[in-house]
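Next come the structures, one after another.
Same chain, two partners: chain A is paired with chain B first, then with chain C.
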Partner chain A sequence: MRRVMFWIAVVIVLCAFILPIAWVYVTSLKSPEDIFRPEKLAFLPTLYNYKYIVTVRPSLLEFRNALIITLASTALVMGVSLPAAYSFARFNTGGGHLLFITISTRMFPPVVAAIPFFFLFRDWGLLDTHLGLILLYIYFNMSFATFLLYGFFREIPEELEHAAMVDGYGRLSIFRKVIFPLIKPGAAITTVFCLVWAWNEFLFAFLFTRRVARTVAVGLAVFWGSIEIQWGPMAALMGLAILPTLAAAWFMQRFIIRGLTFGAVKG
Partner chain B sequence: MAKVKVENLTKKYGSLIAVNNVSFSCKDGEFFSILGPSGAGKTTTLELIAGIKKPDSGDIYIGSSLVNDLSPQARDVAMAFEKYSLYPHFSVYENIAFPLRAPTRKEKLSPKEERKRVEEMANLLGIGELLDRRPQHLSGGQRQRVSLARAMIRRPQVYLLDEPIAHLDAKLKVSARTTLKRLSDKLGITIIYVTHDYKEALALSDRILILREGIIEQVGTPEEVYLYPSSDFVGRLIGDPPINLIDGEVIKKDGKSFFKVEEDFSIQIDQALVSSTEKAAWEEDGRRRIRIGIRPIYVKVSKEKLSDNSFQLPVYAVEHKTDSSIVGFELKDTFLIARTEERVNWRMSEKVWIDFEQKHLHFFKKTVDVSKK
Partner chain C sequence: MTERAVVKSLETRKTVWQVLSADAYIKWFLIVPLLAVLSAFMFYPLFYCLYMSFHEYVLRAPPLYIGVENYRTVLHDAVFWQAVGRTFYVLVVCIAVELSLGMGIALLFNREFRGQNTIRGVCLLPLLISPLAMSLMWNYMLHVQFGIVNQVLVWLRLGAVEWISNPKIAIYSIMFISIWQWTPFSIFVLLAGLRGLPKDALEAARVDGASRWFTFRRLTLRMLMPLIIIIVLLRTMWLIRIFDPLYGTTRGGVGTEMLDWFIYRIAFVFFDVGKGSALAIFSLYVTIVLCAILYRQLIKALGTAR
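Here is the complex of A and B:
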C-alpha cells in the first residue's frame, strides 16, 4: 500500500514538472490551425513555427545577447566571488559586516533597485547595452555566489592550508593547488546557478533593454501582442530557450550530490 | 640541522593565555619533547615555531637567525599535524611528494629521484603498498603514517612533530617509535616532538619540557624529570601507576622530624632529608603542612615488619599485573598505591606493613588536586 502511494506521489510530481514542458514542445510542432483544436490529439508535425522564429524575427540575435550577457556576467561574478568568499571564510574580512552587506543586496525586492538603476544607466548611456545588463547581473549574482561559495570554503579545514604553508607553498599556490581542487564541485554549482539565473532573468532585461541587447527571456514576451498571441512561434522559442537550462540542470545534479557530501572529504 | 631557541614566547587567545612567557633552547641534533596534558599549549608552541601562528610577544630563532617575521614557507621546517591534514584530492604518493615539489624549496628532483625518495620513506613507515590510494580510503593509523612520511621526506632545519604516533595501535606505536628514534640518531636531526604520552617522551627524548597551562614546569633529561620531578604536577604526569601524593604535617619532636598523616600513619624523616622538607613545607592554620611524593615501586609492603619506621594499613584492593601486583590502601583523603616486585595474594582488609624508601621521597608544594573523589 505504501509503495502504491509512493508511486502515485511520484507520478503526480512528475506530471507537474513534465506536462508544461511537454505542452511547449507539442505546441511548437503544431500548425497554427491545430493549436486551437486540443480535442484533436493526432496532428501533422510541422517545423513552421521554428522557421518563423528564425526567419521572421531576430531570435538568433536575442540568443546571442543572452549568451554574451550570461557568460560575461557569470565569469566576472566568479572572478570576484571566489577570492571574496575565500577571504570572508578564512580571514573573516570586515568582521562579518561586509559579508552581511553583500548578502543584504538580495534581501529587498529587486524592483526596488530598478528605478535608481534606471536613472543612473540613462545618464551613463548604459540602457539597452550588453554592458548595462552585465553590470546589473553582476550586482545581483555576486552576493548570492559569494554567500554560496563562502559556505563551501568554510568546509575546508584551515589545517590543510597550514600544512601546505609548512610544506613550502605561498598563498597563491596553496589556493591553486590545494583549495581550488577542493572547491571545484562547489564552484561548479555556483557557476551553474549564476548562468541559469542570468539566462532566465526577465524583469531587468525587460526594463533596461529595447532592441539591441534584448535577451531571449524578454523576446518570449513579445509574442503577447495587443491583437493576438502567437502561441506557435512562442512555444518554439520557449522550447529552444529552456534547452540550456535543462542541460545545466542535468550537469549540475551530479555535482549537487558531490557538493552535499563535501564535508566527508576531510583529510 | 639547526638549534632552535625560543625566548619569552607568549600567545593569547582572547583572555586565555595559551603559551605564557616560555623560553627554551633545543640543541642542534637534539630530540626535544614537549610533554603536557591537553590544553597545556604544546601544539600552540609548535605552531608558533612553524610560523602558522604569530606570537603576541617573544622571539623565535632557528639556527642563528630570528624568524619572527618569516612566513612558514620561508622557515624551512617540516611539521606533522595531529589531525594529519592530508590533502584529500591527492594520492598518498602525491601527499608525500608535495613538500618536495614546493617552489620555495628548490629541491628540483627528477621524477625518478622523487619516486625513489617517496618510496624509501613510505617503505620505512610501512605504507609502501598504499601509495596510489586516496587518504579517505585509509585507516586512522595509516593516515597518521602518511602524515609522518610527508613531514619526514625533506631535510629541513627542524622537524616539528605534533603527536605523530598518538593514533597508532599499540604494536605499531612501538615500531614507529623505534623507526623515529633510528631516524633521529642516524641523521642527527633536530626534532621537537609534542606528546601527551610520557612513555613516548621518556623513550625517545634527549630532553623533555613539561608544560602546564602554558607555563614551563620543568626541563630536563628523561632521568631528571622521572627521578627529580620539580613539582607534584610533573611527578603525577610521569609514571604508571602515578606517583603517590600524600598531604600531611611536619612535626618536630626531640630534634627529630616526623611526617604525620592524621589518623593514618606517621613516619620519621631521615636527617638528610630534613632540609628539603623545610623548603617545601608551608604554614596552614598554625601547622607545618607538606606534600610528599613517592612512586609506587618505592613503597615496600610485606606481611612482616620491615623497619622501625614502617607502619600498618589494611589492604583496600589488590590488582594483578603479569609479574607483580598493585596494592591499594585507603587513606583519609587519597589512596596509597604500592607496586610489589612479585605477585601477592592478600585479602581485603588484611593488615600489611608498609615502608617508604626514603631516598626516593619527594617533597612538594601542593599544586594539583589528588583527592580520591
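Here is the complex of A and C:
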C-alpha cells in the first residue's frame, strides 16, 4: 500500500513537470485553426509551424547567433573563473570579502547595468554584435561560475597538493596532473550551467540586439506582435530552442546529486 | 635527453617559475582576470549610476546636477512603492512554497527506487528550460479562451478563470510560473543535503523512541538549515530580479508590475536615465541589505550545524 502511494506521488510530480513541456511540442504540431480549439484533443499533426519558422520567418540565423555567443562566452567565463576560484579556495584570497563582492555582482539589477553599457556599446559600435553580447554574458555568468567552482575546489584536500609538491612537481604540473582530473566533473557541471544560462538569457539579448546578432530567446518574443501572438510558430521555435537544454539535462542528471551539494556548505 | 639535460632544464624552469609560483604572488596572479572583469563590469555601472542618480538626464539635454531630487521623486511615487511591496510579496510566497514543495519532494525521492536517476533527471528539466519560453507557454496554456487549463476546468464544470487578465489573479499566475520553474532547484539542493546527513544520529533518535516528526524537526531540519538558507539567499537574489515571467505574460500590466520591470520602464521606455539610476541604487541597496542579513544567518547556521 505504501508503495502504491509512493508511486502515485511520483507520477503526480512527474506529470506536473513534464506535461507543460510536452504541451510545447503538442502545440507546435497543431495547424493554425487547431491552436485555438483546445477542446479538440485528437488533431491532425502538421509540420506547418516548423516550415513557417524555416521559410516564412527564417529563424536559423538566430540559432547560429545564440550558438556563437553561448560557446564563446562560456569558454571565456571558464578561463576567468577556474583560476580565480582555485585562488579563492586554496589561498583564501582577499579573506572572503573578494568572493562576496564577486557573488554580489549578481545583486546589481541587470536592467540597470544595461543603461551604462547601452551608451558605452553605442559609442563603441558594439550594439547588435556578437562581441557585445559575449562580453555581457561574461559578466552575467562569471560570479555564479566562480561560486560553484569554489565549492568544488574546496572539496579537493590540500594534502594531495602538498604530497605532489614534495614529490617535486611544479605548480603547473600539479594543476594539470592532480587538480584538473579531480575538478573535471565539477568543471563540467559549471560549464553546462553557463551554457544553459547564456542560451536562455533574455534581458540583455533583448536590449542589446536588434537584427544581426539576435538570439533565439529574442526571436521567441518577436512572435508576440502588436496585433496578435503567433502561438504555432512560437511553439515550434520554442520546441527547437529547448532541445539543447533537454540534452544538457540528460547530461547533468548523472552528476547533479553530487554536484549541487554546494561544497561551500561543508565549510 | 641525458639525465643532466633534464636536471638543467628543470633548473632553468625553476628560476622562471620561482617568482610566479610563490604562494603570495600566484594567488593574485590567478585572480587578475576576474578582477579586471569585475572592475569593468561591476564598478563602471555602479559609479555611472551613482553619478547619474544625482543628475537629470533624459537623453536629449546633457546631464544636469539636481542633487537628491531623483531620490525624492522616487520615494514619493506610490506606483514605485506598490512595485516594491509586490516584489516582496512575491518573494515571500514563492520562496515559502518552493521550500515546502521542494522539501516534500526531496523526502519523497530520498530512497532507493527503480529508475531513480531518470526520474530525478526529469525533475531537473524546468530548471534548465528558458524562463521566457516557459512563461510564454504558460501564457498560452492559461489563456482565458483557448488555454488547456481552462478547457480542463470547463470539462470538470468548474468554469473558466481569467488567469492572466484578472488583476486579482495575474500576480498569482506569475508566482505559479516562477514556482513551477524553480521548485526543482530546492528539490535538488535539499535532496543532496538529505543524502549527506549522518545516518547514526538519525538512527540514535529512532532507537531513543523519538517520533518521526520530532526527528525531522529537531535533527533533519536543523542539519539542513545551512542549505535552506542558501536556497533562500540565492532565490532572493534571483526573485528580486524577476523579469522574464513578466515579459512572457502580463508585461507589467494588470497589477503585476515589480521592481525590475518598473526600473526597465523608467530607464528604457521613458529613457529617464537619472531616475532609473536612482532606482537602481535603491534596488541594489535593498538587495545587499537582504543578502547580508541572510549571509549572517548562514554563517550562524553553519556554526550550529557543525
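In this section, the second predicted complex is superposed on the first by the 248 of 267 C-alpha atoms of A that agree within 3 Å, B and C clash if a C-alpha of one lies under 4 Å from a C-alpha of the other, contacts with A are read in each partner's own complex, and residues count from 1 in each chain.
Please note the rule applied: a residue touches a chain if its C-beta (ideal position, glycine included) is under 8 Å from a C-beta of that chain, and two chains touch if they have at least 3 such contacts.
Small disclaimer: the values here were computed from a predicted structure and weren't measured.
Undergrad: Superposed on chain A, are chain B and chain C clashing or fitting side by side?
TA: fit
Undergrad: Mind telling me which of the two, chain B or chain C, contacts the most residues of chain A?
TA: C
Undergrad: When the two structures are overlaid on chain A, which partner does A:Met252 contact: first (chain B), second (chain C), both, or neither?
TA: second
Undergrad: Once the two structures are overlaid on A, work out the angle chain B-chain A-chain C from the Cα centres, in steps of 10 degrees.
TA: With chain A as the vertex, the angle is 80 degrees.
Undergrad: Quick check on the superposed pair: does A:Val24 touch chain B, chain C, both, or neither? Answer first, second, both or neither.
TA: second
Undergrad: Which of the two partners, first being chain B and second being chain C, lies in contact with A:Val54: first, second, both, or neither?
TA: After superposition on chain A, A:Val54 lies in contact with neither partner.
Undergrad: Answer with first, second, both or neither: which of chain B and chain C does A:Ala221 touch in the superposed model?
TA: Only chain C; A:Ala221 stays clear of chain B.
Undergrad: Which of the two partners, first being chain B and second being chain C, lies in contact with A:Phe100: first, second, both, or neither?
TA: A:Phe100: touches chain C, not chain B.
Undergrad: Check the residue A:Leu131 against both partner chains and state whether it touches chain B (first), chain C (second), both, or neither.
TA: In the superposition, A:Leu131 contacts neither chain B nor chain C.
Undergrad: Does chain B (first) or chain C (second) touch A:Ser173, or do both, or does neither?
TA: The answer is first: A:Ser173 touches chain B but not chain C.
Undergrad: Note down the smallest distance between any C-alpha of chain B and any C-alpha of chain C in the overlay, whole angstrom.
TA: The answer is 5 Å, the least C-alpha separation in the overlay.
Undergrad: Return the residues of chain A at which the contacts from chain B and from chain C coincide.
TA: Chain A residues touching both partners: 170, 265, 267.
Undergrad: Quick check: in the complex, which residue numbers of chain C touch chain A?
TA: 13-14, 17, 20-21, 23, 26-28, 30-31, 33-34, 37-38, 41-42, 44-46, 48-49, 52, 105, 108, 113, 117-126, 128-134, 136-138, 140-141, 145-148, 150-151, 154, 180, 184, 188-189, 191-193, 195-196, 226-227, 230, 237, 240-241, 243-244, 247, 259-260, 263-264, 267-268, 273, 276-277, 279-280, 283-284, 287-288, 291, 295, 302, 306
Undergrad: State the interface residues of chain A toward chain B in the complex, per the touch definition above.
TA: Interface residues on chain A, with respect to chain B: 157, 159-160, 162-170, 173, 178, 181-182, 264-267.
Undergrad: Note which residues of chain A are touching chain C in the complex, please.
TA: Answer in residue numbers: 6, 9-10, 13-14, 16-18, 20-21, 23-24, 27, 35-39, 79-81, 83-84, 86-88, 90-91, 93-94, 98, 100-102, 104-117, 120, 135, 138-139, 142, 146, 170-172, 196, 199-200, 202-203, 206-207, 216-217, 220-221, 224, 229, 231, 234-235, 238, 241-242, 245-246, 248-250, 252-254, 256-258, 260-262, 265, 267.
Undergrad: In their complex, what parts of chain B are in touch with chain A?
TA: 47, 50-52, 71-73, 77-79, 81, 83-89, 98-99, 102-105, 135-136, 143, 150, 160
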